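Below are two complexes that have subunit A in common, paired first with subunit B and then with subunit C.
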Partner chain A sequence: MAQRTRPDGGKPLDRADSGKPAPRTDGAEPLSRPGRGASRSRPGPSAAGTRLWTWLMIPGTLWMTGFLIASLVLVAALAFGTTDPLGNPQFGLNFDNIAAMADPAYRAVLLRSLGYALLTCVICLLVAYPVAYAIALHGGRYKNLLIAAIVVPFFANYLVRMYGWSVVLSDDGPLLRALRAMGFADGDTKILQTGPGVVAGLVYGFIVFMIIPLYAALERMDVSLIEAGRDLYGGPLRTFFFVTLPATRQGAAAGCVLVFLPAMGDFVSAQLMGGPDQIMIGNLIQDKFFQGQNWPLGSALTMLMMAVLFVGMIGYLRRTRKDEAEAVR
Partner chain B sequence: MSPEALPPSRRSFLRTSTGAALGLGLGAATAGCGFLPEDPNAHGDPDDPIDVRVDGNLIYFNWADFVDPAVFKGFEKEYGVKVIQSNFDSMEGMAAKLNAGNRYDLIFPTAKWAQRLTEGRRLRRIDHTRLKNAESVFGAYDYFADPWYDARSAHTVPFTMYKTGIGWRKDRVGELTGSWEDLWHRRAKGKVFVLDDRDEVLGLGALKLGLDVSTADEKDLDRITDTLQSLRPHLRGFSSDSYNNLLNGNAVMTQAWSGDMAAMLGQAKDPSVLGFEVAKEGAPVNSDCYAIPSDARHPGTAMLFIDYMLRPENVKKNIEYIGYPMPVGGSEDTYAALVEPFPQCLVGADDLKDELFFRNGSSKGERARDTAWTHVKAG
Partner chain C sequence: MTLRPALHPVRRPGPRTAADTSPRGAGRSAASRQGHASRTRHRRGTDRRPRFAIAVTVLFFLLLYLPIGVVVLFSFNSQKSLTVFEDFSLRWYSAFFRDDVLLSSLGMSLQVALVAMVGSLILGVALALGLVRCRSRLGSLAGLVMLVPLITPEIVTGVAAMLLFKGMGITLSTGTVMLAEITFSISYVTVILRSRIAALNPEVEEAAMDLGATRWQSLRLVTLPALLPSILASAVLIFALVFDDFVLAYFTTGVEPQPLSVRIYSAIRFGVQPTINAVGTLMLAGSVGLIVLALTIPRLFGRRGGLDLLSGK
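The block that comes next holds the complex of A and B.
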């Protein structure tokens, strides 16, 4: 795979190649590690290499097009459709479903879902940070074991876990019984069918998505930074807030996105832990698909939810780009 | 209390757990096959008579756990075929699977869906004279000889019957008055559940107001929504898992299907603390049917299976297993013995009235009902 055989007659292929003054002839490159052989003497990609990468990109591209873009287009198109008497969705150009979005009921439910998802994010962050910190910086040789202990329960089906959680929170369940025995609750206290019940379900359901990125960020962090902070007479709190926290900000942001998005669209928690006043947007979408068999209206609702999330995501992306720019500076 | 001994209520657990179905639903959507216009006669004329003979394994599609497993075993042994089961958790889920092109030999639609499928020419004609045991149904229950949903029951054979009423904890609330008004009982405040089902909830509001259970009239629907809004402070949730809610104490009162209440009798430690009543304003009734889709690969086996299910000994086993009565002459005593503590679970000939069934509406009507349901649910 010598450079000389390049079909374009040896002209630089890309910017990485241009600007390098020395022509890379075999065996003549001073920086190449000795003994690695002549074929390893190229810092930039060769034509064959580029072709290989192009091929390797195909499965991913197909996957993205097929399962993300195509299905998204399908959902968007269906939002303008109708159904036949047997519930078969029909494509069309019908604005009833879009007009229905103006119904104030949807706005209230959408706002509630946003609120629950945000709260879930904050609680997950507060609970997950100490856990991730303890494991990453003080886990020692038990690190992997501890991470496994957190991840393995999540192998169980989400629904089964949530159903189990609803049993724990039920009126006659172990949690309330214990609280009552300790005098923290009376006979009327309930957790199920309340807002806190739903948020408890969401936190329980998605907290692992917060722990893992935080753990990864903390694990990757250069411990000598903390030591440097201490050397500069920073107390533990000061060091934490001025060194550790900024260094793991990206992990926290990733965790928040990973928790917020599924929490926003979730319907199981509100179904099992919520009551009539805790319905989330996911429940309405689920109803349209599985009870009303009104896929077009379900699609319209999905698009509405995605539009709201999209605006949020743009905000997040702009913010992180600014962060990165600052970090580079 | 062994979990195997008693089936979970068919509409309860699975219906609350549509999570699993989501993947399948999306799968069907992305594959797009649900949208292909299909020629209803692609698999031959649905009116062709079916030869009653083994023509392959039975591909069976029903609510989960709705036939005694011993009955399946007996059928497999007697005819040397396998019963390949799959389950749906709602009528809409069933229709979605059919629309997506899945082929089944035997399905179990409710009355309303039997009518939709019949009108869409999606069901094979069933010649009752070819079924040895059909007389025990059509001879004993006049209503099913010519029901509203399928003229002369030409495409269906009724399977079960049920009513919707109120299940409650006598030890917590005391006696009730036998009206839908009982859901507003002050001692049940904050502990009332209604079914997570559009027709049933709108239906209870309609019956309380003396309206048609299937009304799609905007003014009627507004009155129904207002009535149901006034129930909200009493309401703890929408759930079709009636009997678990009663048993674990989350509910002291719940709208419930009679068959689920009957099935619960065997699970309750002390059934005497529980009650089931049917409102005097009227109780919605419904019926599940046997039906053979027009694209069934093994309709002959399906006919044999229907006939086999109608044998008196199998009817008895199934009634005891699922807790729902069947319109089969001679099975009444079995069911009466089963629901002795809840006599109102019995469904008699005089309970079956056309106006107490949920009916199909126009597409505009269905949309109006959908909107009303959203308002009831979202508050």
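The block that comes next holds the complex of A and C.
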């Protein structure tokens, strides 16, 4: 580590010495001060250091605040706006868009999105857990390779992957042909243009978010716990449900949040895998901003989605807090 | 692909964290001794490999790679069909390289990815350094702001960015995509680098300062070189992510030119075009190459790990 951090030997430091003597730091912290080692671990004990760190932080924070936070505030504000007769968005304090959220049509789409996203979470959990388990506990020296083999395609273009998936699921695609050959499906069975098709798309799109935290949790888990369970004559299932599963609960919860968030906002899956009856809230938002040109209504829909997600996040945070408190006890 | 069962499930102390090995080392070895002692009991059934989990894993890998395989395979098809593979041909690739619209999209995507990479690195590295080292109220505030894009669905950030640009009267164009992508990528850079910086030994920096370096010099001559592998790796990662990004680009792009992923989106919405298979294959190859590069960069510098780059741990 020390070698690595000083690749050019003492040269740069010599230069620093001869160029600028930097008396300030030397003077402020005499070498002989007792207990200085302890204060070092807390970074930036000197005023100059703190100032430098603050200055480093400012541009990024300003940028993020200026673009991201401001734009989110704008969406929230426009949700209370109206459109003038020409269709241009106007700011205001109008609750029509908020009231429109009570429209049964919107409520149906919201409920469908929630249902699809929840179902996606459950399926991801059911599939990802065995995969993460097999790799983390029985992957041996291929562990890293296998995880890389899962993660790498996930970083490939989302649309191309979704498109490939829709080809696989299509009526004369390889999956249905195989199922038909095995007698699990007949000529009328469809996956595309159905609700399950949309969920299949969401699962394919986001399952990696479930595998990574689960894998991390299983990897971190103390395997001697499983052995202890077996030593106490617990069967494999019993050990799994009473030892392994509780020990990795946090990873599963994190994975669910990481899958739920993008699944709720996705509009590609519903477009490629579903029909007009399977649209999700993301499709509605997209439609209001591009085809419908009703930005205030689109903003209100966006805020509705954020509100639902926010409630979920609060629930998750409270839950994990409780878990942590229990772990401490 | 074989999943070799561990003969007994006691793992080596993982390379994950240094803290993991030291305090629990004694407990581990005790556990492993017990593992040996009770191996016979395990043999009786509890310690066999989890057949169900392995079966699911095999099936999962099959389904994970099937769509990618289909795209690659049919990009070489001589016919337009997506169900019957006729003959090997490169006609869709040559169609792509003759398509000026798609080529200009490719150029724009590369441009955007490059600018976003540089911009977000400059802002993100500085932000990460400040976040780790600074214990002020501004620090915790900045930490919160940085998390926002990570817990917001992309469609929301996309809509918001579009509204902001339109509200400020800026015409959507390549520039707006760049601005939006920089904003989005700063968080990634910061998340990746934060743990790296926290893992650095601050005493090395202090030593440099004891030898007469200023705070700034120690940062520039000691800390940044130590961070270089992680910075390079995250640069490659950001490039790949931005190049492939669709949702944000979709909401912030103008009419002409459009990023490649947006072009692909409109193409696959209006019926299947085999050229997309060729473009998709090239993009797959590109991003997979970049990710593998990002994963191997830390190793090139003699560090282990790299996978944690992707999980941000």
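Everything below uses one rule, namely that the second predicted complex is superposed on the first by the 251 of 329 C-alpha atoms of A that agree within 3 Å, B and C clash if a C-alpha of one lies under 4 Å from a C-alpha of the other, contacts with A are read in each partner's own complex, and residues count from 1 in each chain.
Here is the rule we use: contacts are C-beta pairs under 8 Å (C-beta built on N, C-alpha and C of every residue); 3 or more make two chains touch, one makes a residue touch a chain.
Model, not experiment: these values are computed from the prediction.
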A:70 touches, of subunit B and subunit C: first, second, both or neither? both
Contacts of A:295 with subunit B and subunit C, given as first, second, both or neither: both
Contacts of A:286 with subunit B and subunit C, given as first, second, both or neither: both
First (subunit B), second (subunit C), both or neither touched by A:168: second
Subunit B versus subunit C as contact partner of A:235, first or second or both or neither: second
Partner chain(s) touched by A:272 [first = subunit B, second = subunit C, both, neither]: both
First (subunit B), second (subunit C), both or neither touched by A:108: first
Partner, of subunit C and subunit B, that touches more residues belonging to subunit A: C
Which superposed partner A:206 touches (first subunit B, second subunit C, both, neither): neither
Partner chain in contact with A:156 - subunit B first, subunit C second, else both or neither: second
Residues of subunit A contacting subunit B in one complex and subunit C in the other: 67, 70-71, 74-75, 78, 157-159, 163, 167, 170, 172-173, 267-268, 271-272, 286, 289, 295
Sites on subunit B touched by subunit A in the complex: 16-22, 25-26, 29-30, 32, 34-35, 89-90, 92-93, 95-96, 98-99, 116-117, 119-120, 122, 196-198, 232, 235-238, 248-250, 360, 363, 367, 370-371, 373-375, 377-379
Residues on subunit A engaged by subunit C in the complex (per definition of touch): 1-2, 4-8, 10, 12-13, 16-17, 20-22, 25-26, 31, 40-44, 46, 48-50, 52-61, 63-65, 67-72, 74-75, 78, 127, 130-131, 133-135, 137-142, 144, 146-153, 155-161, 163-165, 167-168, 170, 172-175, 204, 212-213, 216, 219-220, 222-224, 226-227, 230-231, 234-236, 239, 261-262, 264-268, 271-272, 282, 285-286, 289, 295, 298-299, 302, 305-306, 309, 313
Complex interface listing, subunit A residues touching subunit B: 66-67, 70-71, 74-75, 78, 82-83, 85-91, 96, 100, 103, 105-106, 108-109, 157-159, 163, 167, 170-173, 192-193, 267-268, 271-272, 274-277, 279, 283-284, 286-295, 297
